[in-house]
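Structures follow.
The same chain A turns up in both complexes below, where it pairs with chain B and then with chain C.
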Partner chain A sequence: MRPWARLLIVFGVVTPLVGFLAYGFTRDPREIPSPLIGRPAPPFTLPLMDGGEMKLEDLRGKVVFLNFWASWCPPCRAEARLLEASWRRHRGEDVVFLGINMQDREEPARAFLREFDITYSNGIDAGNRIAIDYGIWGIPETFFIDRNGRISYKHIGALDAEIIHAKLEEARQGVVSRREGKGDYRSIQ
Partner chain B sequence: MTVTIGSLAILLALALAVAGALAPVVAGGRDRPWLPVVGSLSIAGQLVLVTVAGIALGYALVTADFSFLYVANNSSRRTPLYYRVTGLWAALEGSLLLWEWMLVAFAGLAIWWHRERHRELMPWVVAVLSSVSVFFLGVLAFASSPFERLWPVPMDGRGLNPLLEDADMFTHPPLLYAGFVGLTIPYAFAMAALITGRLDEGWIATTRRWIVSAWAFLTLGNLFGGWWSYHVLGWGGYWAWDPVENASFLPWLPATALLHSIQIQERRGMLKVWNLSLIIVAFALTIFGTFLTRSGVLSSVHAFSAGPVGGLFLGFLALVLLGSFALVALRADRLRSQPEMDSMVSRESAFLVTNVVLAAVTFTVFLGTIFPLVAEALTGVKLSVGAPYFSRVTVPLFLLLLFLMGVGPLVAWRKASLDNLKRNFLWPAALSAFAAAGLAALGIREMWPLLAVALSIFVALTIVLDTGRAVRARQGIAGEGMLAALWGLLRRNPRRYGGFVVHLGVVLLVLGITGSMNFSQEKEATLAPGESMGLGRFTVRFEGLRASERPSHSRVEAAFRVFNDRHDLGLLSPALKFFPGRDSPIGRAVLRMGWKEDLYVILSGFSEIKAGQATVKVLVRPLVVWIWVGGAVIIAGVLLALFPLRLRPAQT
Partner chain C sequence: MTTARSSRARTGRLLAALVGSLLLATAAGAKEDLDARVREIAAGLRCPVCQNLSVTESPSEMAREMRALIADQLAAGNSPDEIRAYFVSKYGEWILLSPTARGFGLLLWVLPGLGAVMGLGGAAWVLRRWARRGAAPPAPVDAAALARVRALVHEAPSALPPEGARLVEGLRELEFDHRAGALSAHDYEELRTLYETRAALALASLTEPPRGAPAEGATEAPRAERAPGAPAFRAWRWVAAALFLVGFGSAIGFFLPQAVRLRDGGSITGGFLTGTGNAALPVESRDLPALLEQGRRAMDAQDLGRALRLFQRALEVDPEHPAARAYLGLILLRGGHPDRALTEFDRALSREPKSAQALWGKGLVLSETPGKTGEAIRTWEALLAQDLSREDRDHVGSVLARARQRLEQEAKPAQKVSR
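Coming up: the complex of A and B.
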């Protein structure tokens, strides 16, 4: 075998190997796509902070915007004002916004709602039971549930206005997004 | 001030490393009188400067100087002195500095020891070592510096990751690094031999000790890692085939192959390209391991914080692989092996098969490790490869290796006669088959553990038989006593008998792994005080919970009284440790070790509602202790082979 042929073999073997390893940089191994998208939303009954309770099953026929949050979470803070604004814009329609507070204490949670003047319903997920059913990994995470009670979209991290409106519209029409979305909020350490 | 000294030392060392790397290039491949001088000065200067940088960082850690970002992130006022020191390698930047320091220290040793020999090779050895050093120093200077300032200076640091608060922080990482770095020396010699074209056997003999030492360090590093996992992480296991564990195991495999195949090259002048390739692969795998650990490309329990360093390591890996194998390809004409294999039944072929099997294990472990990447790149499917794959694929291969370990050292060179085979293997084979039948009769019916035990007995018997014969022969000739004869054998042929001792250690290791893999029992229960649960021959009785405050954390301890057939064996108190600023508690498992089995107790949780209840997981893991004993025996064997006993036997 000639030297250049041997060199070619070396390059032929090493290049794809390095390519695969380099490909690793384009993905996040900790991100596991939610198996819940396109499936019926796990049912729950949420005790509301203003009293009373909310049963997910009772919301059949409406589009549900389900947001998991905590008062200590910076991206939750970042999106809070926007969520309230979207709620005010859509509240006349057949849309329900529901906040689920988790891994938090009641006092700061209430302060958070007052601070951002949140008017949609919120409840506390004691013992993280709902969060576990929804496979929450980090907050905020938001689920869009269509009229038939099916999860049509999942978003990790802070939302922006276009996504909220687009995904509410899709949920209304029963369109399911194949991939979950990701907010680009970065906390400054 | 300290920050300035540290950064400056790194930059100066970088300049010296560049000089060392370029010197033979500037000399144009000719032998100049100034070359060795420049080489020695470069390496010595790097060693001094990197030591200064290390001391600067160590000083900052010990004095809790939080104007260092690194110190603030990995230490705190509450951190005890011991862990302030280990903070040197508790995170990415510091561990790279330790790596670099070991590299230049080993390089200094190598150049000092071998200064009289290999005059033509040495400038290139220095150049290759300096090039590797340039890479690490470059990373330390520009991408991931431990001498990053923090402003404003915080009042207190974040503290060490609590999982790293363990005595093994002093053993496992430095030993593993010593093994990784040790493999750089043979690599440098191999590259120098390729560049200069002096591909005779001289350099391989020189590097043998380095390969053996690096191998021993890797073995120890991995075993200490297993020990750490076993007694600190509290899940009852010592090995999980996690990507980063694989990363530290992978270089060990070609290093093991190398230990055997260089003997064939030394004796018969065969396998030159193979040995070079093994050296390159082993070195490349150490870089690959670092890449894996520092890039966050694969999900692992060990991952360091991801950063730009991953990309740099990948680039370096590509450079090493392409450059080294290109050299092999260009020099292939000079690497023709002299004789061909004479017979399939010979020591050469046994060693060769050993090598092929080890290469296969390397490949399967490597493939399993990066398979999630390949799968996602090609099909977009996310998956993870777990212990079942690795166990299923590697266990048969390891058992084949075990068999070869019995055959290889005793079968004759060139061509084994039927007589040679009968003489060495008839009795061990017969006896181990007999033992296997006995075990089967006792109720051990699964094939793999049965085979593992039978082969272990086979290997041990071959060693005992051969050594016994040699001892008898010495006794007959010299009229020595048995111990004196054994001592004499060790002295006369330390490589052979050191190797035997290593093999016996491996046999013990195999028995420990077999026992714990196949015959472990576990049970989990929630107990109220006074209640007990039984597992195997043990009964544990729950005595109650106790909360306490420690300087760095608060903990809840559960006391369990252990009984063994009604004998009171004392208290075991597993705990959950709650660290401020961390969400989930860290468990502290406790174990009671025995020659036959370990009893391992983990506190999984306790109830705050029904006060005083605890959920506990109890494991009985047979024979685990033999893994650690086997490791000690392996190291004893390596020491015998490396440092022949020069003492005379006691004479009257």
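Coming up: the complex of A and C.
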């Protein structure tokens, strides 16, 4: 074989391999792409912290903002005030904000709600069953559910106001996002 | 009568105990059976909150709940395949430790086998080439020397140099093997030619003057044949290899630091591998610049707790230090206390009106407060007037542009916001 041909073969094998490895370094190994976007939101019945319970099916016809959180998670704290502000801005419309507390204890969770003066409904997901149903792997994780009960957008990590308003508007119009969003998050236990 | 009754009662009790223990045993057996089935399914699932642990092995809370869920679903009569399909529908194919042999997953199954086959094939091919090259027609040697070797083989042992004696001995064994039928005619011919040539060469080198003129040196012949053209090609190959190494090294040096987040102390492993540990400053230090530097690093490493302790210590040393106040504010803001953060930023700015960190943080707080976007924009504009690195300047510029856009939209509330 000609020497240049041999060199070409070596380069042809080594370059893609190195490129593949380099690409691997740019990925977040914890990230799990969700297969749920565009699919019907898994139904659940959530016992609420101020009594009563909330069935997701009963919210059909409304846009649902579903936020998984825990009191020990700094990005959840960072976005808490913003979520409450967005809720107050949108509460007159056909929008429901719902918080699901997970991997937490009830006392710090209640203290968290008091501290940030949260007025939208919150419940505790005992046994993480709802979390597993939604494929949660880090918090905060937020799902936007459109009027037909379909997940239109998913965001892992802290949200900002612009994304909330834009994605609520998209959910209202039934527009499904192609990609999920990402911000500062904490891995769950 | 009484004894008969009591004995019957005793038998009854005994029977009850027997049945009870049998029931317990079967219950325990069923429990063990269920546990084994749960473990089997969980072993094929990847724990979503760990790095490369199965749900069986993971000690995490999430994995425990997943095992409980599997047990419940098994008890409800679902098949292992249905349970796996459930997890795939929630977490995608990612959750399976061994990917299904379809689409892209098929590649993962096929590639290692393909690689092994190609590697073995390539190795076999190269080995064959080497073997053929080794058996290449040996350099022409003196017919007389060959004849002498043949004579030697059939003669009684004579005084020969060690190498010659070894080769002659080898030839004798070869002939013996051939006669015994252990060697094929082809192999025998090939090996005999090889050995005879070597022996003839050894003899020739013996008869000639040891370090004489290389004029007719049969030993030099093969080396001399390869000479033309070789040095140029080899130099070219070395240059190519060196260029490749330099390129590879530069690429690694460029991409690796970008992809890997440096920990406290600037070392990727934080001194974990070298055992040097991070030369962490004790929080009790009074060295103000060092406290600030370590605090900044802790913030970069997302270790907000340590950063908070370091900046608080810096403020004990100098209660009005503007940078320490500003950083404290940034930590409070991250922790979801914008109002308290704002007071810290204002305190820092009252001492040092040009503090970049305080201006940045104050802008952030104001931009998230409804109706204060205009104020936020003015704060950031003041920040841009300071001496900033190009990266920071670009970042502030883009955030400022977005804030201005939002201000315009807020000014025209009639138009719906849509993106």
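One rule holds for everything that comes next: the second predicted complex is superposed on the first by the 169 of 189 C-alpha atoms of A that agree within 3 Å, B and C clash if a C-alpha of one lies under 4 Å from a C-alpha of the other, contacts with A are read in each partner's own complex, and residues count from 1 in each chain.
As a convention for this text, a contact is a pair of C-beta atoms (placed from the backbone, for glycine too) under 8 Å apart; a residue touches a chain by one contact, two chains touch by 3 or more.
This is a predicted model, so every value here is computed, not measured.
In the superposed pair of complexes, A:G127 makes contact with chain C only, with no contact to chain B. After overlaying the two complexes on the shared chain, residue contacts for A:V18 are found with chain B and with chain C alike. Touched residues of chain A were counted for both chain B and chain C, and C has more of them.
Of the two partner chains, both chain B and chain C are touched by A:L7. Overlap of the chain B and chain C interfaces on chain A comprises residues 3, 7, 11, 18, 22, 25, 29-30, 32-33.
Across the interface of their complex, chain A is touched by residues 48-49, 51, 60-62, 65-66, 68-69, 88-92, 94-95, 233, 236-237, 240, 244, 248, 251, 255-256, 259-260, 304, 333-336, 338, 368, 370, 402, 406, 416-419 of chain C.
The part of chain A that touches chain C in the complex is made up of residues 3, 7, 11, 18, 22, 25-26, 29-30, 32-36, 42, 74, 77-82, 85, 103, 116, 127-129, 131-138, 161-162, 165-166, 169-170, 187-189. Of all the residues in chain A, the ones that touch chain B in their complex are 1, 3, 6-7, 9-11, 13-14, 17-18, 20-25, 27, 29-30, 32-33. Residue ranges of chain B in contact with chain A, taken from their complex: 291, 295-299, 310-311, 314, 317-318, 321-322, 325-326, 328-330, 332-333, 370, 372-374, 376-377, 382.
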